[in-house]
Structure formats: structure tokens, C-alpha cells
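In what follows, chain A forms one complex with chain B and a second complex with chain C.
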Partner chain A sequence: MNTGAQGRFLQRALPIAGVTIGVLLIAGPFLATIIRSLLVWDGDSVAIEAGNFLRLFGDPRFVSAALNTLIAGSCTTILALLLGFSLAWLVARTDMPGRSWLETANLVPFFLSPYVGAISWIYLLAPHGGLLPWLARTYLGVSLEWLDIYSMGGVIFVLTLFYTPYVYLFVIGPLRQMDAALEDAARVHGASFWYTLSHITLPLVMPALLSAGLIVFVTSAGLFDVPLALASPRGIRFMPTEIFSMVQYPSDLGRAAAFGIVVLTVTIVLTLLQRRFIANRRFDTVTGKGYRPRQIRLRTGGKIAALTLEAVYVGGGVILPLVALLMVSFSKLWTGRFLWRTATTGNFEYVLTKYDLTRTAITNSLFLALVGATWGVALAVLQSYYLTRGNPKRRALVDALLSLPLGIPGIILGLGFLILAIRTPLYSTLTIILIAYIARFFPFATRTVTAMFLAINPELEQSARSAGASWLQTMRLIVLPLLRPALIAAWLMLFVIFIRELGATILLYAQGTETISVAMVVLSERSSGYVAALAVVQLVMLLAAFAIMRLTRTSMSQG
Partner chain B sequence: MLRLFSVMTLLVLLSTASAAVAQDPPAVVGAAADARDALRTMIEAAKKEGSVGYFDTVLQPETHDELTAAFRKTYGMPAGFPVRYTLSTTLNLITRVEQEVGSGNVTIDIASIASPPWINGLVRAGHIMQYDSPAYQAFGSAFAAGLGKPGYYAFNGAYIFVPTWNADTLNFKGKSWKDILGAVPPGRMSLNDSGNSATGLLAYMGLRSILGIEYFKDMAKMKPVFILRSEQTAERLISGQDLMAFGGMPTRVHQYNERGANLKFILPEEGVVLLGQASFILAKAPHPNAAKLWLDFTLSEPGQTILSKREALISGRSGFKSPLPEFAPPIDSLKLIKMDWDSIDQDAIRRAKAEWQSIFMP
Partner chain C sequence: MTDRFVHISHLTKRFGDHTAVRNVSFEVPRGSTLALLGPSGCGKTTILRCLAGLETPDGGTIEIAGIPVFDSAQRIDLMPEKRELGIVFQSYAVWPHMTVAENVAFPLKVRGMGKAERLERASRMLDIVGLKGFEHRSATLVSGGQQQRIALARALVAEPRLVLFDEALSNLDAQLREQMRLELRLLQERLGFTAIYVTHDQAEAFGLADTVVLMNQGAIETMGPARDVFRRPATPFVARFFGLNVLEATLLGRIEGTPYVEVALGAHLTTRARAGSGLVASVGDPVLACIRKEHVRVEQAPMPDSYAGTIEAASFLGVAEEYIVKIDEIAIRATRPAAGFARGDSVHVGMSPDDWIVLQPGETA
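Entry: the complex of A and B
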């Protein structure tokens, strides 16, 4: 094969390989879950029937778990949309003081683990033992005992704090790009501020809001960590904790798989509805017409209200949890408040130098995050190439297929990989966890890289090829350097997600393959001090990734 | 000349023999003469296997560290010989073992858990390695009481769930399980999550047999908080979240009081359920020789001393003197609720679990 033919072959084969790997990564656990949900054992014989589904639907525990999940997912989505849109609007469209700092601060919760957030809020708001009720009682004479973090409200509160940045990231771009003349026209014609907001601004960012809402609903409803920490102690059932419980002895994998299929079906239907809604409307915010972004001047009262909102959000999502974690991590015995006489660095010493599990977990998490993010981005480049330069007739279908994992809760994907791998040498290895991570999260990277690919005119590549460069040379010397910001953003995003992942790992880990999040669950059942110290270590790693992102001026909102 | 040669040969042989004895680890030196060769062979095989791994539901990491150091020394294992350990909830441990034996893909060598009905099922299914540990000789009375199966498993320590409170926040003077009802306001007591804890469920079955179902229905009216781990139970008492724990562990009382807490417990007059932490080797254990050595060590006098001293576990060894009699009293000093472990099958467990859930999580 000559060099030209070889180049053309690689140009076609590599992106197709990337897409094929992506489809296989999704299809494997997906098919395993479907098949397992249809298999019913009777002694040694097995039949294909709907028994698992019938038992599931007849189980009041399923109904209660589904209902609670629906309530928490819906409330979290609504609150995160309100809060995320408000924060993005304040940063992007107003002259709120300290915007540049707050723009960064609003994003920090995205980098934190919701499980750590839930634990922190237990320290802060546990009835009769929380730091805030004690402070309020001691210094203000106010009783906060009616606030119970172990409740549906507690779950929604913590989920909202940690999912607001998703909405923020989705809408801040469109808000910045929006032509202020559209709003001006409405105001000139007598529309009030609220009328303009609801009839002009909101409809124009509706695609971003819908996409964000869908992702927040699906991922928050599928999150295992927060219900485990806040709902289980009160016996409140949620879909992920119920699936986890079904996998526990005496295991009912068939019913767990059936539950997973029900959730997947709902997710796919929601995704299709969202696509259909967007496809039937026009939402042009960027036109060829020149315009100048204009900031809305807030009055003093408006500025105070805006800064109060920011203080509540950044305080609740970042500062208070961090303070609580630090206090507990430096306490020999957590009595609900920090006492200097029991202060110690022993917890850090223990988790960093003495305890095998945490040392193994830190190494494993770093390995998974570094290798996983690299493979994930490599896969994303190939898939994005296909999605922007590949066969136009198949792109939409491929795009829809490759987007599927966005809606699959981690615990269901973990269940699929567990069913798939349990009888293979992959069981109980880091490799299966790595594969599950990439399968679950590669679409995040693919979307980020695709957005950048769309901005690169194919003529640049054609010029290079005309000048005699091979396809690989064109990729290496032209395309990849231009993609660099998106590659860094995608890599860091995957790194952060992998460091804090728990939903899939909790079903797949084994002795020696524990991750930081798993170690935190294990430690949270054992000692407040140890778990808080490990949470601080995880926090430092995630904030380091965040700092790198800011230093390299990488934007995550381009996807 | 011949005499000199004979003396020199004798000296060489003696020095070689004494060098061999000097190189032998304490376990070999202390073993019966006819068992030494077999033990040496087992130690060499264990070294070749390279590691051993066990799952446990009670031991704290510090205890594991001390056990590991003593184990390596006893058998002359290399300083870095890995002893992998995972502290797990009972249900998670059972799930993992079930998954592994079901798939034939076994990665766990040893498991220790207080769930005799489930372990007996594993024995019947041939999933537990048949091994007559030399340490079993000291467990005769425990076997006779139904707490173990010769050739398969013995318990490396037993524990009990008892009413526990923080003396800094509650002045409790009760002596009976019945005194707990109404002792604290609703929502201020924790309860083992028996829907998700195998040992919690067994304790419930035992207590239900003497207290009756109405007792637990009355307890449900106290709106307890459901907790899986005994460490969490203790921490919630210390931070003031709960005033009383229905099923605290003397083990944790000892460990947290050592760190400055002021926890108390009672041994209720109606009796307690003794939960023996049965240790067994899986039939397809990847490191069978190392696993046998580990099992032997944890059941031996030095191993039991570490477990009893650090974890306040009750030893099943005949004649064993507890270093912490206040927290780990001798078995014969306890009023035990009679449990017929052989008659408890999976159906009985399922029924008990459903009943518990209908009372506490309707």
C-alpha cells in the first residue's frame, strides 16, 4: 500500500474504529442488562420471560423508590435551573461587583464530590449534633433542630448545590453571545424587566436550559452517593440505593437489571423528547449582524441581592463544607464541634502514611484518572472527527448512539459491567473499572472536542493535504494543535469526574482495586476523622485540577 | 586421625542442625516435632504464593497491622509479605463471596463473619476448604456449643449487640431490654439496619424470640435511625445525634473510650445473642497455604490475645484469659439467648427480614 492509500485508509479506519469502540462500550453492558432482566431461573432451568419485571412492578418498595427518585430528581432540576440560570445571568449580563472572582467560585462545586458534600453537610446540619444548630443555639438563641439533613429535603438541597454548576456551564455561553438589542427592543416597547426575561431571554437560552435540565435530572436521579449518606439512615428509598440493595445478598440481579432497564427506557424517552423539542424550533442567538454585548446596571438593592445569592451559594457549596471537613479532619474525636484540646494531625498521618487501603485507593484513583482521561480523550478525538468529517448520512444516528451514556446512571452501567465481567478474568480488576469509566463518561469529552472541531474549517486540512502532508501529519501538525484547548478541557473534565466517581465503582471494586470514593464510603462507616481527612486529600486533588484549568485559561463551557 | 575426622564431622553436622533450628521461625520451633516438616513446607509454599487476602466485618486497621506484623514474625515471612485486608459490612461481604463462588472466579482467601446459617450453607455446597487447623484443638467446647464446625471453621472472636449510651448526654439506669422503650424521645435512638445487615438480622431473630414482636412494634414508634456500622453508632452517640443505641458494641465502647469518649453499656438481664465471627478459607482460595497459616495464627493464643485486647472480642479458646474482661467477658459469664444455628435456613432469614422491614420500613 502506498503512502497516499495508507493515509486515506487511516483517515477512514481510525475514526470508524473510535466510533465502533464507543458503540461496543455502550452495547456490552446495555445488552447484558437487557438479557439478564429477561432471564428467570427455576432451580437449574432458565427461561426467558417477563417475571423480573412483573415482580418489580408488584413490589411496593420499587414504587416508593421510583417515586422518591422522581421527586428528588425533579425538585433538584428545577432548583438547579433557577439557581444556575440566575448565577450565570448575574455573571454574564450584569455589573455585579466581583464578577470575575465569582465566575470562578461558582464553578468550584462542579469539581467537588457530592458524597463529600453530603458528609460535610451531615457535620454541619445533623439534628442534635450538627455544627450550625449548635452555633445558632449557642450564639443566637435560635433552635435549628427542625432542620434535618437526613431527609428528602436534605437530599434535594445537597444535590442542588452540586448540580447547579452544570446548568451554569450550559447557559453562560448563550447568555454571553446573546444580542442585547433583542432585550432592548422589548424594553423600548414597554415590556417590564420580568416580561423581557420570561419572553425574550429565557426562550433564547431554552435549548441550553433543556439540555442542562435533562442532564441534571438524569444524573442527579441516578446518583448513588447522596441518598446513601442522607436517605438510607431514615429508611428513605431511592432508585440507586434500591438497585444496590437488590445486588446485595440474597442477590436478585434479575430484578436489579429490570429496574435498570426501566430507568434506561425513561432516560431514552426523555432524551428523544428533548431532541424533538429543540429540532422543531429556532433559537438563533448568534447572527451575522454585528452587536456589542451590553451589561445591565444593577441598582444598589439589586447588587446586595445578587451578592447575597452568591454568598449563599458559594458559602453552602464550598466554604461551609470545607470548614466542616477541616474541623473534623483535625479532631481526634468529633463531638459535634471543634475543640482545640482534641486537635490532631493524626487523621492525615493515618490516611496518607499508615492505612494500606487509602494509599492503594489514592494510587488507583490517580491511575484511573490519568489513564482513563487520556484514553477517553483519544477516543473523543476519533469520534469527533467522524461526527464532523464522517459520512453525513450516518452522523445523526452515531451522535445519538454515542450520547446514550450521558443518561445512564453510574450504578446501572456498573451493574451491566458486573453482569458482563463476573465470569471473566476482568472481574475484580482495575481494567474493568477503567472500561466502565470510559464507557460512562466519554460523551462528555466527545461533546467538548466536537464543539472545537466544528470551529475548525476543513479547508485547513485540505490545504495541508494538497501541500503533500499525510493524514497523520495533518492531524499532528494542524488539527491537534488547534484542538489543544478543547483537549485540555476534556482531559481535565474526565480527570475530575474519574477521581470522584462512585456509582459504577461501588459494584465493581474488589480487594486491591478500591478508589478514593470507595475508601471514603468504607471510612465513613468507621471514623469521621479519617473520612474527613481523605475527603480533604481528594478535595486538594480536584482543586489542583481546577487551578490548572484556570491557569491554562481553559473553558469548560465551550461544549 | 579417624577420631579427629569423626569429631569434625559431628561438629559440622551439629552446627548445620543448629543453624537450621536457628533459621526456623517461632511457629516451627514451637510446633510438635512430627509437624515441623509439614509446617516448613507450608510456609515455603505460602511464600511462593506471595500474598494472602481476607475480608472481615469487625477488625479495625490498627488491629490488622498488629496481627500482620506478628503473623510475619511467627512464620518468618518476608517483611513486605502482603496481607490484604478489607473491612466490609456483613451483607457486602456475603454478596462478594456469593458472587465469586457463583462465578467460580474466587479472589478472596479468607472471610470472617458472624453468620453461621450462611456459612453452613457454603459448607454444604462445598465452597469452604476442608482444613483441620491445629488451633481447633483449643476450640472443643465452642464446637460443642454449635459455634463452629470442626474441619471447616471456628470463630476468631465473638461480639454482642447491647444497649449503649453516652454518659455525658444521658443518665440511663435501666437493666433490661424493656427499659429502653421510652427511655429517649422519638428519633433519638439508633437501631441496627437489619434489612441490610446479616448479623443485625440474626440478633433481631434471637431477641424477637424472647421479647416478642410487640416489643419491636413499640420500638418502631420511637422512630429509630437505621445504622449499618457499629462505629457509626458510637460516633452518633458521641456527637449527640443519638441519645441511645439499641445495638451498640462493647468493642466500640472500649475503642472510643480509649480516645476520650464516655460511652456506657449494659448486659440486659434477658440475655444477649452471641455472634461468633467465623473464619473460613474458600475452597478455591488463590493462596491456600498462606490462608491456612493466617487462619492458624488468628486462632492461636497470640492471635487471640491481639484480637481480644484491641477489639474486645470474646475468645472461644478454652482457658483463654480475656485481657479486657469488662468489655470482653468470658462466654460462660454471659447469659446467652439460645440460637439453634443449624435450623436457621435461608427461608427463615428471608421471613425475618420481611418481618423486620414490615415493622420498621413499611
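Entry: the complex of A and C
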């Protein structure tokens, strides 16, 4: 009897604990930021007033940062939507040659670090010493000097490369599952190919496109990595870099917090609008009856155009950056071209064995990613249990609360934890970074696990209970094994995100708690060779995770 | 020649190594109705899609209203939108992001008709298919049968001269299907379009079509006026497809000067029977003797041309009953108005020589 009561207690308490931890992780930094934004120090006395906001809004640097961020976010969103939809459509609906291979290639940028992408593009397209201008001048006699990666255009370009896969992932499913008869009917009744694409296909995937567009807008606008690499050197202000500089000495946490609140408000309002809008417009485009996925036969011209687009995307997002990175990492001194004569592995030796900063950074990153991903997935399992099996009346609210961090920029959450930890022993420890990582990214894992949980028939658990298993035994022997594919996917996703995280870390690190990404920022002042070598080390970890993810997925679909 | 509206000749379509349509030729006179009938996977939909321009055939020609729309030799392949057809899909393919009226007016919109006029015509069309007043509903908020009518209105609104139906009625319940079948015939008389129906349901084919093309594994098995195809099955495949009894028999002899032959089924049952077209077997050869279930009479008392048998199984079908009767080792299926026989009852089975048809066993048998 006693064990029965205990089991029932665990069954209720554990999921609720998971949800509570999640809510605290979000509420803590959120409240800290709000409170701090309202506190104004005057000498030794503190007042609660709107002074931080007034000073912020009166600051022309705020206005230009906000404006630039909006421009970059909007342009990136539009370009990523165009590119992501086109690529998804080509892969899902046409007979483009090599599409089974390209299907994976299009996703690779999703797993790479935007910071590394940005610095690779510096190697490729810096006005002085860029690889591409040199190649163009030497072999084509064309001057590319007017192309400057350190610009608004450069920021938008690199952001687009990295955010296109988000759109791609959102729309490829609907495009695959859409009843092809919807398009065929339009063609037979007189619509041309392009008219059908724009008046039938596009509107039908519009809900998915809108969701993707919102995510791309809030996350790309909030990304610290790319403006840091490409805009800060020219003094072009962006929201994340501006908050970063407000926290630097002489720091003005109050004004940074006020900025953070502005960003949070915009993000939350947009997310809520999207939730309402999408809820009203979900079409059922899968009829099931008489359905056969049909491939559109591209003509030669179409095939060339399709492959050109793929070449530009995969080339710009994966191959060129990779080549540039490898060249720089094996060069003694990067002068804008690779010389076999001076090729060296010295950068790797230095970074991996000789230099304390980078060695610590690698260990720290691995520790954060391994431990963080494990905790994150554990939290996700408990929360998903609540979201699918818990109190039905509270589920929707809990779901909305727990998905809040999805759109919140890392640097804003980092700021919140900085304010929380600043006078505590947690300040400048790895633990606070770990907590910030989990707080910012656990919703990704929760989403993945919840989707899988929904697919598990509760009767599978109920029959295990009827057969005499306790709740814990049922979880261990039935639920977790069934969830395994989602657990692996969620774990790998968190691992990838944590290995490359920069926005939150940059505000929380101290001497001894640097991560790989932070070390690259620190070293970028000194030697491009070390940075590139470190980036390659990081890349190997990311690609390994990507490979495992692909392999487990194929083995799952076969098994 | 002038009234040949659709002309398909030597049409072939392959998917990889699989030949879905094999050297198919047929024509459809203007204003008439053709049904493409056959078991699942025999290539009916593929032919329809080739006609609509949604698949590119590997060989052959397609002519609509005297205009070649596809010709593999001359490399003619008109885009679907240039063929001016109407089509109704099995899944209806009603666009969920448009209202009912927008769905129906779509073919007029892409032809550049002004908004007021096309909505007016869409309204009239909706009226004809019995959806008056549904104009401004969202197309997803109507029932399956209503979606089917929307698809029909959309196919007809631009007054195409050829309308294609791919299993257009098969998702409806029996009553609605019956009703739509009648309405379609009336609509066709009124609007005068030529129609091609794809179906695997024989009742639908015979209810709708003047001409029936029965397909088997991508090739035409038989075709002709609906009545002939049904009454006088040309091959064992056709006989089986229409659910006839198809029994192994031996040819005993031909009866000179008549269309009759003498066959033996098993050890004790011999009968006269009509010779099917293409019967080339000589005396002693195996043949197939076929008889429609409805033509097998089962009675308590003996009658002319009857044999003694036993009820092997009985199943109740509502108005009728279906029996399997054994005459010695031969099992014959019979359908007749409910008579209340039960398993094991001794009965007499009557089969008239005129109802038997003897066919040459083929490779497809």
C-alpha cells in the first residue's frame, strides 16, 4: 500500500517538478530584467522609475540599432522564405537531379555555427585579402572590391544562408503531403504552371510559411554572432551588439535591461499574434483518397536553373565557407590565398595542445554540451509527460509558457541571468552558463519529445500498468524505449546548439569559463589561423552530431 | 469522321520498367460517354492523365476535337491548360483556401473573365448542381457530397467540350451515387459535353456510358457498346470481371449450322452452349464454360435442362440470395430472389443452353 501511494505521488510530482523548473528558468531572468530595467541608482539610493527607458529612447544609438535590426530581420526573413520555399519545392516536388543528396545538403547550414559562417565569409569576401576578389581579379579580370562583407548587405547575406533551412524544414512536409490533384485541377482548368504555383501551391503552404517567417524574423534579428563579426568592425549598430556593449565597462545594466524589455515585448507580441493567426488558417490539404505524390518534370532549362540555385545555396552556405576555413586553418599567415609551400598544422597543434585558453574552451564546451543536453532532455521528458498526460485544463497555458523562450534572443536571456547572478557565488561559473543554456533551449527538446509522446497510444501504458508494472517501471520499460528516437534527436539537437552557442555565453563567461565560440571571439583580434583551427575543431563536433542524427534517422525508418 | 471527338491511338506510358498503358487505341464520338473500366492498377487513371496532359506518354497520339494534343512522333505535347478540358478527381481537389464560388469561378478567372460576370456564371452553375446559396461558404466547410458537386460545377463552368471523371462518384454513399449518376446524365444531355469516366465499378460504367472499354494490365481487353460488352463477354477475363461462373470444360463437338457447341463439365454434366467469338478449340480440347449467376435457376422441382444438386452455402443479400450449388464435384454460384434454401438442401438447377457461353482459354485466364 505504501509503495502504491509513493508511486502515485511520483507520477504526479515528477512531471509537475519538470514544469515548475521550466517556468522558474524562464520567469527568473525575465523578472530580473524587468525589475532591473526599472531601477535607477542615484549615488547610493535606488529609485523605481522609468529613467532607463527614457534615456534609452532618447539615444540615437538605440534608434539606429533598432532600425538596423528591423531591416536585417525583415530582409533575411523575406530572402529565407523565398530561398527555403524554392529549395523545398525543388526537392519535394520535382525530378531535379541529385535531389536525394541535396535534400540533406540543404540542411547542413542548420547545424553549422553562424559565427563561423560569418568569419568564413570574411576570409572569402573581405575587401582586402578576401579569397574571392583575388580569384576574380586573377582569373576573370573582374574586380569584386566593391563587395564588402562588413556591411548591412553582408549581415543579411550570411543570416539568409543560415536561416533558410528553418523555412525549408517548415514547408517541406506540407509540400510532400499535399494532394497533387489540387494543383492538377488548376492546370486542367486553364491555369499556367506559374499561376498554379502562386495561386494554389503557395497559398496552401502559407500557414507553414508564416510560422517559419515569424521564427526566422525573431531569431535572426536576435542573433548576436553575425552582427558581431560583420557589423561591429564598421560601427554599424545592431540590437544584440548594442546590448553587449552596454554591458561592457563602463556598464549600464539598467539601460541594457530596458532594451531587453523592449525586445521581449516585441517578441512576445509577435509570437502571440502568430499563434492566433495560424490557429484560424490551418488547411487540410492531405485528402488521402486518390492521392499520389507526383513529380513535376523539369525541362532542361528548369533543371539548369534548379541546380544553379542549389549550387549557389550549398556552395555559399557550406562548401565555400568550409574551403576557406580549411585553407586559413592550415595557413601560417593568411594573406587572402592559400599557398601549399607554407601550409602547416601548427595552428591545430597550438589550439589543441599548447594554448590554455583554447584547451579550456574545448573542455568547457564539451562539458556544457554533454551535461546540458542530458539535463535538457530529462526536463523535456517530464514536461512532455505533463503536456500530453497531465491536467487537460492547464496544458494549453503551460504549453504557451514553456514555449516562450523559443523566440527570445540568447543575449537577452544571458542578460537576465547576468542580472540574477551578478552578486552571487554563481557569477562567472560554468553552472550559470549551463543553466542559461538549458533555460534558453529546453523548449526545442520539449517540442520534439511532445510530438513523439502524442503518437504513443496511452493504452500501451495502461496495459503495462494492468499487467502489474509500477509507474516508474512503465516509464522505464515502455515509454522511454518508445520515445527513444525523439530522445536521441532532441539530445543531438541540444548538443549542436550548445557547442556553438555565443549570444548568452558572451555575457556570462569569465576567465576559465570560456567556450569554443567565446575563444574564437577573443582570438579574432590576434590570429585568423588559430580562430580557423578552432572553428574546424568545432565543425567536426557539429558534423559528427549531424551525421549521427542522419544515421539514426535512416536506421529508424528502416527498422 | 466528323463526330469523332477524342481519338487515342497506340498510346503507351511507362513508369520505369513498368508499362502502365500498353498500345491503347479508342475513339469517343462527340457528345457521347465512354467508361474506362477495369481492376485496380490496370492503367485507367494513367490514360485519363495522359489525356489531360498531366502525364507525358512514351508513345502514340491523342487528338481532341480534331487537334493533335499529343503526338510522340511529331513532338507535340500541349500543356494541360491549353487542352480546354474539365476534370473531376476522386479526391475532389476542392481548394481549401477559397470560397465555394471562387473554386467554381476559377476556370473563368484564368481565362480572363471579369469578376462580376464570372461570379454570376459560377452562381448559375452552382444552381444547376444543387448548391444554390453556398457561394460564400468556405470550401472546406461543406460535406463530401457537396465538395463533389463543387468539383463538378468547376469542371463544367467554362463549358468544356470534354469532361474527365476519375472515380468521381466512388467516395459517395450508395444513395447519393445513384442520384448523381442520374443527374450527370441529365446534365450531359443539357450541356452536350463528351465525357470519359474512369471507374472500377461496373454498375457505374453501365449506368453512365454508351461505350465501355475494359482494361487489363495496361491493355484493352475488350470494348464496345455497354450492352454487348456486358451480355456477351469476349474473354475469360471479362467474364470473371463481371462475376460470371467460369468453369473448366471439355469441348465435345460443334453442332453444324448453329452457333452452339456441346461441352462436358466434369463426369456427368453435359450441355449445349453458345460458342463465344474466337472459339478455335477442336473436339477434346479444354475450354471455359461461363454462365451469369442470375441465369442459374435453383428450384425445388425439376425443370427443363435441369440437374440435381445440393446447396453448399447460402448467403442472404437483402432482396436476393446467393447460393453455391454443387452438382457432383462442380460448384456453381447462383443469385435469385430469396427462396429460403439452406445448406444441405437437395435442389434442381436449371441452366438454359442460351445462357451458357463457351470461351477459348487464354493466357490471361
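Methods note: the second predicted complex is superposed on the first by the 546 of 559 C-alpha atoms of A that agree within 3 Å, B and C clash if a C-alpha of one lies under 4 Å from a C-alpha of the other, contacts with A are read in each partner's own complex, and residues count from 1 in each chain.
As a convention for this text, a residue touches a chain if its C-beta (ideal position, glycine included) is under 8 Å from a C-beta of that chain, and two chains touch if they have at least 3 such contacts.
Note that the structure is predicted; figures quoted are calculated from it, not measured.
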> Overlaying on chain A: chain B and chain C, fit or clash?
Replying inline: fit
> Where does A:V247 make contact in the superposed view: on chain B (first), on chain C (second), on both, or on neither?
Replying inline: first
> Touching A:R297, do we find chain B (first), chain C (second), both, or neither?
Replying inline: second
>> Going by the contact rule set out at the top, does A:T335 touch chain B (first), chain C (second), both, or neither?
In response: first
> When the two structures are overlaid on chain A, which partner does A:E459 contact: first (chain B), second (chain C), both, or neither?
Replying inline: neither
> If you count the residues of chain A that each partner touches, which comes out higher, chain B or chain C?
Replying inline: B
>> Let me test your reading of the model: by the given contact rule, A:D42 touches which partner, first (chain B), second (chain C), both or neither?
In response: neither
>> Touch test for A:R187: chain B only (first), chain C only (second), both, or neither?
In response: second
> Roughly what angle, nearest 10 degrees, sits at the C-alpha centre of chain A between those of chain B and chain C?
Replying inline: 160
> Rounded to a whole Å, what is the shortest Cα gap between chain B and chain C in the overlaid structures?
Replying inline: 50
>> For the complex, give me every residue of chain A touching chain B.
In response: 126-129, 150, 232-235, 245, 247-251, 332-336, 342, 354-357, 418, 422-425, 427-428, 510-512, 514, 522, 525-528
> What residues on chain B touch chain A, complex-wise?
Replying inline: 53, 55, 60-61, 65, 84-89, 91-92, 94-96, 98-99, 102-105, 107-108, 118, 187-188, 193, 195-196, 198, 225-229, 231-232, 235-236, 238-242, 256, 259-261, 346, 350, 360-361
> Which residues of chain A touch chain C in their complex?
Replying inline: 179, 181-182, 184-193, 195, 200, 203-204, 206, 283-285, 287-291, 294, 297
> Where on chain C does chain A make contact in their complex?
Replying inline: 49, 52-54, 56, 79-81, 83-87, 89-93, 95-97, 106-107, 110-111, 140, 151, 154-155, 158, 164, 166-167, 171
